[in-house]
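We just call them A, B, C and D in the order they show up, numbering each chain from 1.
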Amino acid sequence: MTEQEIYANLSSKFGDKIFEFMEEGTLNPTIVVEAGAIAKIVLYLKDDEKFQFDSLMNLAGHDADVESDFSVIYHLFSTELKHYITLKVFTSRDEPKTASIANIHRTADWHEREAFDLYGIIFEGHPDLKRILMEDDWEGYPLRKDYVPAEFYRGMRIEKVK
Amino acid sequence: MARLHAEEMVLNMGPQHPSTHGVLRLKLRTDGEIVSHIEPVIGYLHRSFEKHAENLEYQMVTPFTGRCDYLAAMGSEHGYAMAVEKMMGIELPERVEYLRVIFAELQRIASHLVAVGTFGLDVGAITPFIYCFRERELILDLFEMASGARLLYNYIWIGGLAHDVPPGFVEKTYEFLDAFDERVAEYNQILTGNKIFIERAADIGVMTPEVAINYGVTGPSLRASGVNIDIRRTEPYSIYDRFDFDIPLGQGLQGTVGDSWDRYFVRVLEMGESAKIIRQALDQLPVEGDVKSAIPRRIRPPKGEIYFRSENPRGELGYYIVSNGKNVPVRLKMRSPAFSNLSVINEIGQGWMISDVIAILGSLDIVLGEIDR
Amino acid sequence: MSYFSNISNAITTLVDGMKVTMGYFVRPREHVTLQYPDEVWPIPTRNIGVGEIESYNTIRSKLVVDFEDCIGCKACERACPVDCIDIETFKAGPDEDIGTTKNDTKIKLRVTSFTIDMSECMFCDLCTHPCPEDCIHMTPDYQFISNDNVKLEVTPEERWRDRDHLIYQFSKVTPIERAQRKAEAEKVAAAKAAAMEAKKAAAAKAAAAKAEQEAQEAARAQDTTAAQSENGADPAPRITETPVMPSDPALINISTPESTPEPEAVERIEVPLENITSPVIPEEQPASSEVNEEAETSIEPEDSSTEERGETENG
Amino acid sequence: MIQLLANWILSFDVLSGIGFSVAWGLSLFIVAALIFAFVAVNAIVLVYIERKVSAFMQVRLGPMRVGKFGTLQTVADALKLLQKEDIIPLLADKVLFVVGPWVILIASVATFAAIPFSDTLLAADMNVGLFYIVSISSIVVLGIVMAGWASNNKWSLYGAMRSAAQMISYEIPVGITLIAVVAVVGSLNLQAIIQEQAGTGNLFHWIPIPLPNWFIFHSPFLFIAAFVYLIGATAEINRTPFDIPESESELVAGFMTEFSGLRWALFFLSEYANATLVALLVSIVFLGGWQSPFADYEGAQIGFSVITLVAIMWTLFVRAKTGRLSVYPLGLSLILTMAVWLFPGFAIWMASPGIFWMLIKAGSIIFMLMWFRWTFPRLRVDQLMYVSWKVILPLSLINLMGVAVWMWLTGEIQF
């Protein structure tokens, strides 16, 4: 099933929760959806006979520059039908929040923790949202574009990225 | 009869432990020898690869990709190079493609040798591990011949290779492949068929296809559960569609489909398939061709984003790259296979004994450098 | 019944495995051990075509600079992903002849400091390809751990890492001359800044207060660039707009302070490095090209011992 | 031996006045010191051999640096261990932590008192020798549990728990297997057991292949019993594939995790002392102890000739099958055969009983243990118990009954 068909189907099903269909500027055609509705959409895509998106290949947080909104990108794949779709949600910089899909795709559990760890995006409904790669008491979210590392971490010097 | 008061004990396996393959920490809740819950704690080897990548030019990221999965550096470099090339629309010379496939498959054999050997080590067989490393050294010799480095190569560049292979490389590779088949038979004799090994691995940590897909398990571990997904076959990148090879699937020869023994044996079989691919690639390798001709002068992918995945020895290695048209990536996420593969350990390791948890961990073949990045 | 077949299966497979180990036990000559200092791994020698340098082969180990050929273009410094190369250059005077490289390129910049921090180097080989003169290259000398390398003055900021003996200095310019040139450059920069200030002050007499402030700011900026180039441990900020792999010198962006040294400080001081850099240890690490030769000669006897390695084992 | 030693001491004019009881005590002390020295030297030699054996099996060279072919490596290691800091964890049970290793060492050294190394060379000729060895060696488990518990470390505790369960389970089949031999001899005295195996006879009583009268050739049941005992004993001394108490890939180092320096060296000493003990016991009980396989002078000549013939055939067979020519076994047997035929003195010596044969037999058993160790993976705890209770124990019981029936059939006992 092509991406356009998926987009058409989703639009008719979810209406205004689906914002736009991006084909320009990306090699993976992307459907931008509302942050709060992502769990419902992913569940629908997983359970529906036509799509069977049972595999979440990747989940990545993204911060374009210091002023833009954060985004979370979901790369879905169907192991049965062998087709792909990319979903994207935007969430505001001041209050980054989106719905968790960790209960739908278990692999999203760690990926969401990683996005939380590095971007500070809150995934609502995540079973155990805590830092995964950085230390538990690390300050700040390192992959944010406006991140300034502290001088010291527990008495150890943090080397500056040149 | 009054019940004896007993409570579960929390056991910290790692970060310093002989069998956690690096600095992984597993928080085990144990009831005697039985493990009732496993919580992996990762991040001890976090080297901020993604943060580095956002501050480096595209060609400077290549050596860092190799350092993520240090047992399969060629595979990581290959995936990264292909992702950027796809963004820039670079057409590669034939010779480059063939050489890349040869190196990626050699790396797959080398990586699986480590996986097979360390799995043996995890269940207590020390000798097969050393035999496996002996063969791995031969592969590293080939890499050293071509790239000058034995572990971290920086050999596959965006748009080509760092330099051409030396004369005599093809002959030496043939030589290695001829000797290799005999050696695999030896591993099977000493380890694969060994009754104690089968007892330790078969029926242990069974992973059903549903669990595997839901947890994002990829690579040999997924195929051991009987799911026929190999990115080299389902979406052939590079020139994998030109080769004739089988995809070994777990069949439950000694127990259930998807047990630790299947995960081990799929790797043993995959080494043979990789050897087959290398043979074909060597036969078809174009003699002429400049491996550096397609390297762009300025690497500035057009504005846009890509998610590109390739089949690393450990599974699906994906690169999510966002470019804004400058020479430094805005975002580079590595979807590392072992990251997802490890997350399944609680699901399949619950209810087994401590020894089994180690066997299951060994059969998943994790590399902490890649999990923590 | 499966109980008995299990047992017999166990016995046969275990005996199978024991055959393999016994097979190797009775053939100890098939071992793969190399007894390291006596035998070394045979290094594949092959010139892979970076210039005419013989020693540059496939093995990527210690990074070495042929300082005579360095034109101070800083292409390697920019290519390094981990910033382990640090170069300090000053522009030569108009009538000053520093020499030419082996490619007959006239050297226009006096490289007063060229350090490579081998503790940070990750042997990625990215620096050797952009070099227009092929003077930076990796040698097969992988046994370079020692305590008697050139000790540089390490800033307190770097001191905590305690790895100063792994920072290699390749420049043959003496510290005295280096200090002189630095002082001159500072003087020139200061003079220039003052001139600029005066010029600006003269030009903007009408809007006095505002213009003066601007001039001071410019002066301060000049100061900081000069200070940056004098601080050895703190390299210049990465220039992101640089070409990827420049192979001809025309592409190279030379970023040095716009300063002209005084003519009297120009004559070349021919003092060996060892006498000045570390007076404590008189017999000092020789400079780049000699290191290189030494590495090559030291490898040859080891190679011959590798051929005889079958004889050293026991039966 | 102690009697002899005491008499020898009293035979000196200077010492004759000290009285018999003092001389007796003195010789007791000397013998104990000798045994301890044997155990210590034995461990150092065995560690070296084990490292070399494992290296050759793993296409390596092993220690090569200290001394010629690394022969002094283990000596250097021992010296290093003695110099190491003695660490007692803060929260450890200090008394048990200190006592544990010594209990293990004393238990394993004490067993050597009853081992006859030759017809005269034994410390104490007890009429309950076998029982003494079995019972004393089971004290080792006490020390292991002490050490594991006292360490106050979860891994150590697991190791101690596993060890206790394992050693107690394997005592039973091992004991029953030994009872089968005792049933044949009718005595627990080790010298009596060895004397019973003198001479030459048919294989399994009826098959006309002349072989020494060793118990391993006594009946099919005792033949199996020998291997059952070997497996059980391997488990009892915690060697691979039964090394779960200290399995380094699971429990770090099991009950030894917290020990360092001298205390750790004691564990090592006792481990190799136990291995030696098991090997010696197998050779005493099943392989005729210090008896020469060639009962007399002609026996040695004929025996070595037969061995040479076998070696020639084996070499040809290997040559035909693999194309490799292995000359060592053939050369060795040829040299020995020529020596036996040309020098009658050598042949007589080879035929005579003595410590030489004892150590040869024990050495080959130890080699077998090493061979197991460097080939097999490790069993899991429950599988270990399975092997003990469901395979080895029934087998040993069947053997016991089978031996009785066999003796009735061959007429050794009548009802």
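By definition in this document, a contact is a pair of C-beta atoms (placed from the backbone, for glycine too) under 8 Å apart; a residue touches a chain by one contact, two chains touch by 3 or more.
Keep in mind that this is a model prediction, so the values were computed, not measured.
With contact taken as defined at the outset, subunit B and subunit D are each touched by C. Taking the mean of each chain's C-alpha atoms, the chain whose centre lies closest to the overall C-alpha mean is B.
Measuring from the averaged C-alpha position of subunit B to that of subunit C gives a distance of 33 Å.
Note: centroid distance subunit A to subunit D, computed from Cα atoms, is 64 Å.
One inter-chain figure worth recording: subunit A and subunit B are separated by 25 Å, centre to centre, where each centre is the mean of the chain's CA atoms.
Between subunit C and subunit D, the centres computed from C-alpha atoms are 60 Å apart.
Shared interface positions of subunit B, defined as residues touching 2 or more other chains, are 127, 134, 190-191, 194, 196. Counting partners per residue, subunit A has 162 as the residues that reach two or more other chains. Multi-chain contact residues of subunit D (touching two or more other chains): 57-60, 374-376.
Those residues of subunit B that touch subunit D in the shared complex are 9, 11, 17-19, 33, 120-127, 130-131, 134, 190-191, 194, 196-197, 199-200, 353-356, 358. Taken in their complex, subunit C has these residues touching subunit B: 6, 9-10, 13-14, 16-17, 19-21, 32, 44, 46, 48-49, 57-60, 79, 81, 122-126, 129, 138, 240-241, 243-245.
By the touch criterion stated above, subunit D contacts subunit C in their complex at residues 53, 55-61, 64, 69, 324, 326, 328, 371-372, 374-376, 390-391.
On the side of subunit D, the complex with subunit B involves touching residues 54, 57-60, 154, 158, 240-241, 243-244, 247-252, 374-383.
Contacts from subunit C toward subunit D in the complex involve residues 3, 7, 14, 17-18, 20-22, 24-28, 30-33, 35, 313-315.
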